[in-house]
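Look at the two complexes coming up: chain A is in both, with chain B in one and chain C in the other.
Coming up: the complex of A and B.
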């Protein structure tokens, strides 16, 4: 398990989502851009033109490279595009949460937590 | 469970022990007869797990409702947008934005499940009052070069102008509620559930081992008995 010190540094929420989801969450004040040399954002707006590779790269950046992110929010339909990555993610921090989007309602069948529940009871 | 009170036969009532939970019972029916004491901790863990799951699904529902309202309000704001405003979206994001709400982990967390909260790092709102026990994050993080920029996070509503429409402000209210109340709790539950899952798996493994050992013992005993019979 990660140490308390490691956990304490994780102070940002990151979001990978469609424009409305990201706008909504940024309105709550979670958006952060780091100092000029890096200018790293903690969000990614995904539209129809965004390719899967860049979603995967953002997911990798938020979960592995950056050590200041505590929770990663991702639209469920976008998580579906990198489902393998999301399902094989086992680290304690950051926590991945799948959230519904405007055009794609939340499907409990695909939720990674509920899949874990099914696996536990189906054994 | 109510059978125990309505059943006229006291002996029958005694033979049907109350089940803590139908789901947990169904998972352990195969082994209840073999080792009744070994299933008790697993049942307790599963009961706890189902309580967490219940809270998780309730929170999920609340998050769904909040987000529906958020999208509705955003759509309303976009519909009633003034001329010149194409859409309240990524075109207006501030390129130097600073997070006003951050993840705050409590020190006193019980090992595997440190409670997560999201708080206002600067403190110009009443978030601090809501979480007196938890450590509130400082405005300045550890990184040296960030400090210059860490002035005061601007209210994200200001990105979209001075006089923002009411639906946009309402959308912000829903988003803040989701980020401060629902999402941190969901994250905490996620971690807590993972920890319980691990414990259940361990307990099941232990039980399987105990069963195997018992079977071996039985086989050895039977063999001994057979030998005694042959000798006799």
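Coming up: the complex of A and C.
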């Protein structure tokens, strides 16, 4: 279980998504770039050319390294590319949330949390 | 049987029997309390899973509307604004804050979104044209993100509750299937050992009593026999008998006592 102090200072959201999703979410005002020395962005734009390793690296950075992120939003079709990592991720913080993208409609069957919900209800 | 089941290594004494009984009582109380906790958490858990299911579906719709409004922006601005927006994002306007909620001793975090005042990274976006669409799109996406934050807190609660319920159930089962039978076994063992000791003690006393009885009976028989013998002798010749019996009984008749020296 997460300790109490762990989520006190988690105040940002992070996005891994295609260009449209990231643009929209940035317009909502979730974008944040840390202070100049490292200039870490809390979003990653993934297109067809981005390789899986860099997605994994970003996922790793958002979930384990950075301590100021409370929610990681990830497009479902991108989550599919690192499905193993997403499925084996069991921590409560930060929360991984799979979101639909413009070109890929949302499929509840693939969502790792919804699958757990379904399994619990014995469907 | 006493030695059959799994039991704790204790000496079968009355004191440890008392301790074991207290322990059994404690275990039963704990079991019922934990069971109730588990039920309360499961109820909450089912509620949350149902809400997650709903929220996920709602999220699908909201995101669809949001991406439609983004398409409108792209059309109105007349080009892709993605690059510009990614470059101008500096400081988060939309942030989250974690609160805690207590459900039967489990702290569930809940995210709450808030807008920081004063920083607007996208003041220049859509300045040329399509400003209105950009504004609308921002509002739509802000609403979408709010829904996402709500969903995220549900999901966090789901993950934590899942974990806690597993732990509680494991404890309930451990008490029900290991600790209680074991303590009961120990109590049974101590009881049977104590009974055994009691029986042994009783048997020993009986033996002692028997032995005493037998000894007395033997002594009685001896005396009786001697008496009879002496009576028979007495009939034959009374005089020696009288001399014999008179000797020790008549203390005063004894000539002199020897001096007692301490």
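In this section, the second predicted complex is superposed on the first by the 122 of 123 C-alpha atoms of A that agree within 3 Å, B and C clash if a C-alpha of one lies under 4 Å from a C-alpha of the other, contacts with A are read in each partner's own complex, and residues count from 1 in each chain.
Heads up, the rule we're going with is that contacts are C-beta pairs under 8 Å (C-beta built on N, C-alpha and C of every residue); 3 or more make two chains touch, one makes a residue touch a chain.
Computed from a prediction, not measured in an experiment: that's the story for all the values here.
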| item | value |
| --- | --- |
| Chain C versus chain B on the shared chain A, clash or fit after superposition | clash |
| Which superposed partner A:61 touches (first chain B, second chain C, both, neither) | neither |
| Partner chain(s) touched by A:35 [first = chain B, second = chain C, both, neither] | first |
| First, second, both or neither for A:26, with chain B first and chain C second | both |
| Touched partner set for A:110, first chain B, second chain C, both or neither | neither |
| Chain B region in steric overlap with chain C, selected from 1-9, 19-27 or 55-63 | 55-63 |
| Residues on chain A lying within both footprints (that of chain B and that of chain C) | 1, 4, 7-8, 10-13, 19-33, 42, 45, 70-71, 73, 92, 95, 97, 99-100, 102, 105-106, 108, 111, 113, 116-117, 120-121 |
| For the chain B and chain A complex, residues of the former touching the latter | 23, 27, 49, 53, 56-57, 60, 63-64, 67, 70-71, 74-75, 88-90, 93-105, 107, 111-112, 114, 116, 118, 120-121, 135, 137, 141-143, 145-146, 148-149, 153, 155-157, 168, 171-172, 174-176, 178-180, 183-184, 186-187, 190-191, 193-194, 197, 200-201, 204 |
| Residues of chain C touching chain A in the complex | 49, 52-53, 56-57, 59-60, 63-64, 66-67, 70-71, 80-82, 85-86, 89-98, 100, 107, 109, 111, 115, 121-122, 125, 134, 137-138, 141-142, 144-145, 148-149, 151-153, 155-156, 158-160, 162-164 |
| Sites on chain A touched by chain B in the complex | 1, 4, 7-13, 19-35, 37, 39, 42, 45, 68, 70-71, 73, 92, 95, 97, 99-100, 102, 105-106, 108, 111, 113, 116-117, 120-121, 123 |
| Residue ranges of chain A in contact with chain C within the complex | 1-2, 4, 7-8, 10-13, 19-33, 41-43, 45, 70-71, 73, 90-93, 95-97, 99-102, 105-106, 108, 111, 113-114, 116-117, 120-121 |
